[in-house]
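Sending over a structure as structure tokens; questions will come in a sec.
Lettered A, B, C and D in written order, each chain numbered from 1.
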Amino acid sequence: MIFDKPTPIRDGFGKALLELGEKNPQVVVLTADLSEAIRVHWFAEKFPKRFFQMGIAESDMVGTAAGLAVGGKIPFVTTFAAFATSLANTPVRVSVAYNQANVKIATSHGGVCVGGDGATHQSIEDIALMRVLPGMTIVVPCDANEAYKATLAAAEFRGPLYLRLGRIATPVFTKRNSPFRIGKAQVLEQGSDLAIIACGAMVGLALEASRQLRSKGIYIRVINMHTVKPLDQSAVLKAARECGAIVTLEEHSVIGGLGSAVTEVVSEKYPVPVERVGIQDVFGESGEPDEILSKYGLTTKDLLRACKRVLERKDVKNRA
Amino acid sequence: MDSTVERKIDIDGIKDLATQIRRDVIRMIVGVGSGHPGGALGAAELFALLYGGVLHIDPKNLMDPHRDRFVLSNGHICAAFYSALSLAGFLPREELNTFRRINSRLQGHPARVKLPDLVETSSGPLGQGFSVANGIAMAMKLDGSRGRVYCLVGDGEMQEGQVWEAIMTAAHHKLANLTLIVSYNGLQIDGEVRTVKNLMPLREKFESFGWECVEADGHDVVSLYRAFTELSVMNKTDQDKPKAVIAHTVMGKGVPFMENKAVWHGSCPTPAQAEEALLSIGKSKGFEDYPPLSKQTLSRKKGGLK
Amino acid sequence: MDSTVERKIDIDGIKDLATQIRRDVIRMIVGVGSGHPGGALGAAELFALLYGGVLHIDPKNLMDPHRDRFVLSNGHICAAFYSALSLAGFLPREELNTFRRINSRLQGHPARVKLPDLVETSSGPLGQGFSVANGIAMAMKLDGSRGRVYCLVGDGEMQEGQVWEAIMTAAHHKLANLTLIVSYNGLQIDGEVRTVKNLMPLREKFESFGWECVEADGHDVVSLYRAFTELSVMNKTDQDKPKAVIAHTVMGKGVPFMENKAVWHGSCPTPAQAEEALLSIGKSKGFEDYPPLSKQTLSRKKGGLK
Amino acid sequence: MIFDKPTPIRDGFGKALLELGEKNPQVVVLTADLSEAIRVHWFAEKFPKRFFQMGIAESDMVGTAAGLAVGGKIPFVTTFAAFATSLANTPVRVSVAYNQANVKIATSHGGVCVGGDGATHQSIEDIALMRVLPGMTIVVPCDANEAYKATLAAAEFRGPLYLRLGRIATPVFTKRNSPFRIGKAQVLEQGSDLAIIACGAMVGLALEASRQLRSKGIYIRVINMHTVKPLDQSAVLKAARECGAIVTLEEHSVIGGLGSAVTEVVSEKYPVPVERVGIQDVFGESGEPDEILSKYGLTTKDLLRACKRVLERKDVKNRA
């Protein structure tokens, strides 16, 4: 099951789940009145006995999933990012993370590309909320193919895992045989003037920026950091050492997410200038995805500006 | 009996208002290409009655401490809310064109920061607004306000635990100045409420939580009004229960092809379907459709649309 | 009727077990200098009956798929839980000395990571365990297990919204293999439940949510057992309601100066008070107090105490 | 009302609340069955009409407080840190932060010094959870005096504010006339070999480390960063420029809190080595506060080790 044209990232998840349904009888799926939005209706149809409709009760859903995990199942709980990570924060913390329960939390509506539903439905905090939980693994696939692989890997992986899936159709960058391993960053471009570390659908922007800068003789290292936690520190530090400047890029607040994770590591081990491109600590709003991305500073242009700023600072530092 | 009600509210006017709300809802949603028509259409009479006869709120005196308050907890049906606000003089009619668009005050779910005088609290995540309504009712009691708080929730929304916390709070704190309205259409996104997660018997639940509860036909203005007033013997010392009105509504009401179909919870009709819907709804007598704005105007006005 | 019960369980043995649990609770708490005696003492008969007669769990076959499961949702009363586990052979008696101390498996609230075979889920934040119990019951149904899930909650705990979500879930998913026990002692930290936030009438609430519900005297083993068994016609197709047992308990039961006093929810008795408490509780016939460990031993064993 | 001997930080809050009760009729207080634990029983007794007991229903409590704020009141909602910030995360996000409601969230049991109650009751995530919310101000007083001042300031301040209060008796460093302004860091020691940026009760450790290092001729700048958000960036950058190395110190996870906030700023504006002392991304456990602090790496010794590490890195950097 491999996609080649722009596809909602969540579709890769839904299809993988269907395959898991066949392969692994322990896989069960829960949803909170959002089965189609998160693409578990395919699984529900095929495996009704292993599908649990929990109604609009996300906290209870997460707790129930923890119980199913205690009972030996591999539950995937599904809803929007804000509802899983914020509304159900305590069950995720206590019954999943602290219990080290084998629960997979899969969400759509992370980020601002939600469309007209507006700020409350746009989770710009989910990665931060999950990252601060000890023992939580966080995977943010960059396209439907990677979502497909990540879902299969999640089912194999033992322990709590958060899977953030985009809603809108997204170009496909990765191939059937692109490597995917939880915790191992994927270097998509090998430049060493500057590194862009991105996750999720934003990886596309990084590739585009890289293309544009190459024509000016600037070579970007593009890193697809699909696993935000545990962070592939060696890839980050290699980038810091070899490139001397980093831009992070995510459809998430610049607080607490991938950007923070990168600044934590480099500040500790190898300080270099880092620009964080993301939502600048404000709530989102209704609009078309491209309008929102552009209003909130998540376009190639914004990224290029950040690259420019950080390169200038790298120069200052090198001259000093 | 009907005649008593008629002396108090303009039944035909309210029905007519509901018709216009339905028209607005369809036009707003098809105009932007997304939204939640089903629940909004089903709440047309509720909004018409609230903003056309029940709520004591004056667009010209929005800070009156004795005004009534309205909280929309099931924020996704806000198309009907915005329409009612515009028809009642709280919002310019043309502004409905901006619904769910970038830079608009009319967010896809009501946002207090965008409309601080009209939206008591932001909603969207279900189960949030009701607690806020309780808090407003408490503040009003502290301040000796004669106003009343009306809060609307969906039936699916009642599956949220926080709703039951709020139910306990309202009863425990004797918020007799609060009316909770449940739009009971029996549907939610994934299908029938009783299949997704059964809520019945709802009235018994309210009663076992110490509420007064009546049921009404949510599309019959008289039945609804009676339900509201039967209960609004408010602020009497002998009467300290909060009041719940279970309004039996029909998702998509007024548009036959949408009626009782969960898929219309959050789907946008095609332009052809919208036309058919408007035909079924018919025209209102006392109101006009809000004027369309050209994309250029919108873009000039709001600076955001392409 | 009593005789029927007597044929099934050893009533005197269970009462005796409850006595020993009470002794343990007092000694554990005064030993470390903190903890929650009130609720724990009040649940002594419950734990004695569960671990001394009702639960089908075998310390030697902890992975039996048909075993019963127990979930303590009101985790703060875990002193009684740990005591029961040790008396039923699941934990070394001496280990009770480590309660709430650094490096212990006996955390101040039950921690699954510390005792994965005995603690089905970590609790502490109220309202969490019940949902997990539902999930376990669902997994057991999927696997065709003949076991039953018992979950204990406090009355104050029932103010949490998630409890009501879980109540709906258990009814909707027909978890007839689940028994919820409410330790109804009428008290919580800040005082009486009815003053803090009223829950009454609780039985009517359960019934309006589609549960079977019986009440019992939580300190009368026969009454409790009957409540459990009246309901445990489980896994029959004609019977798919989850079962609630409202166990009327007394906070601090067995220690007169603690009884019905909210302050004993979470206060540690002084050594003199503890002695008085142990005198009131009396000695058990079939059990011995767990042996004290010297601080040095504890420190050697666990490597943490100073 | 000023304390001079070791006092629980929460006591400063409780006393200030009592004073506010007199001064400001709009101040109301809510609690979720924890009135004494968070020291609002004094207020409750004196102002019963403005005190709302909400039972064990933290989400509803926060939502209700937002409603009281809409109605013109200045509500203080009180409970344990984990319950306010995790359990009630969505009401805080939607009804308080997004609404910009004038609600003050005051908690005890932030950090690990909770005593025997264990991991679930020890919030090592609360600052992270609050920091990612747009528009949330976060104040972490270092002693009972500062808590007292912070509480009075919080009532004057318009908008959502999170006040994190310690549970156990804590030495008092600040004086009656020590300056306190939300958002303005307080420099307690003026060294320039290294800066320790600390918040809450940990400030005491920083002072102790400074004392010990001074005897070795190393001069520490000790910054009491009582306001974690908005962060006093100029104090941080001044420290980065003048000291060249920073240690952050907090009774919180090293992810998402003060430590992350500092690495974000310096990585963006002036990269220097930063060591983050805090809970190393693990759950806590039962025990005596000092046992826990020592097991989880929050002693003066741990702090001194971090200082040593970061000074070495500063040297390497300076030599390079």
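Miscellaneous remarks
In the analysis below, contacts are C-beta pairs under 8 Å (C-beta built on N, C-alpha and C of every residue); 3 or more make two chains touch, one makes a residue touch a chain.
What you see is a predicted model, and the numbers here were worked out from it, not measured in a lab.
Distance between Cα centroids is largest for the pairing of subunit B with C. With centres defined as mean CA coordinates, subunit D is found 41 Å away from subunit B.
Per-chain Cα centroids separate subunit A from subunit B by 36 Å. In subunit B, 111, 113, 122-125, 127, 159-162, 165, 168-169, 172, 197 are the positions where the chain touches two or more neighbouring chains simultaneously. Across the assembly, subunit D contributes 54-55, 57, 59-60, 82-83, 87, 90, 94, 98, 119-120, 283 as residues in contact with two or more other chains.
If each chain is drawn as a node and touching chains are joined, the picture has every node linked to every other. Of all residues in subunit B, those touching subunit A in their complex are 32, 34-35, 75-76, 100-104, 107-109, 111, 113, 122-127, 156-157, 159-161, 188-190, 195-197, 304-306. Residues of subunit A touching subunit D in their complex: 82-83, 86-87, 89-90, 93-94, 97-98, 119-120, 124-125, 128-129, 131-135, 253-256, 259-264, 266-268, 271-276, 281-283, 317. Interface of subunit C with subunit B (complex): residues 159-165, 168-169, 171-172, 197-199, 201, 204-205, 207-210.
Residue ranges on subunit A touching subunit C, taken from their complex, read 28, 49-50, 52, 54-55, 57, 59-73, 75, 90-91, 94-95, 98-100. Across the interface of their complex, subunit B is touched by residues 31, 33-37, 53-57, 59-60, 82-83, 87, 115-121, 283, 285-288, 291-292, 295 of subunit A.
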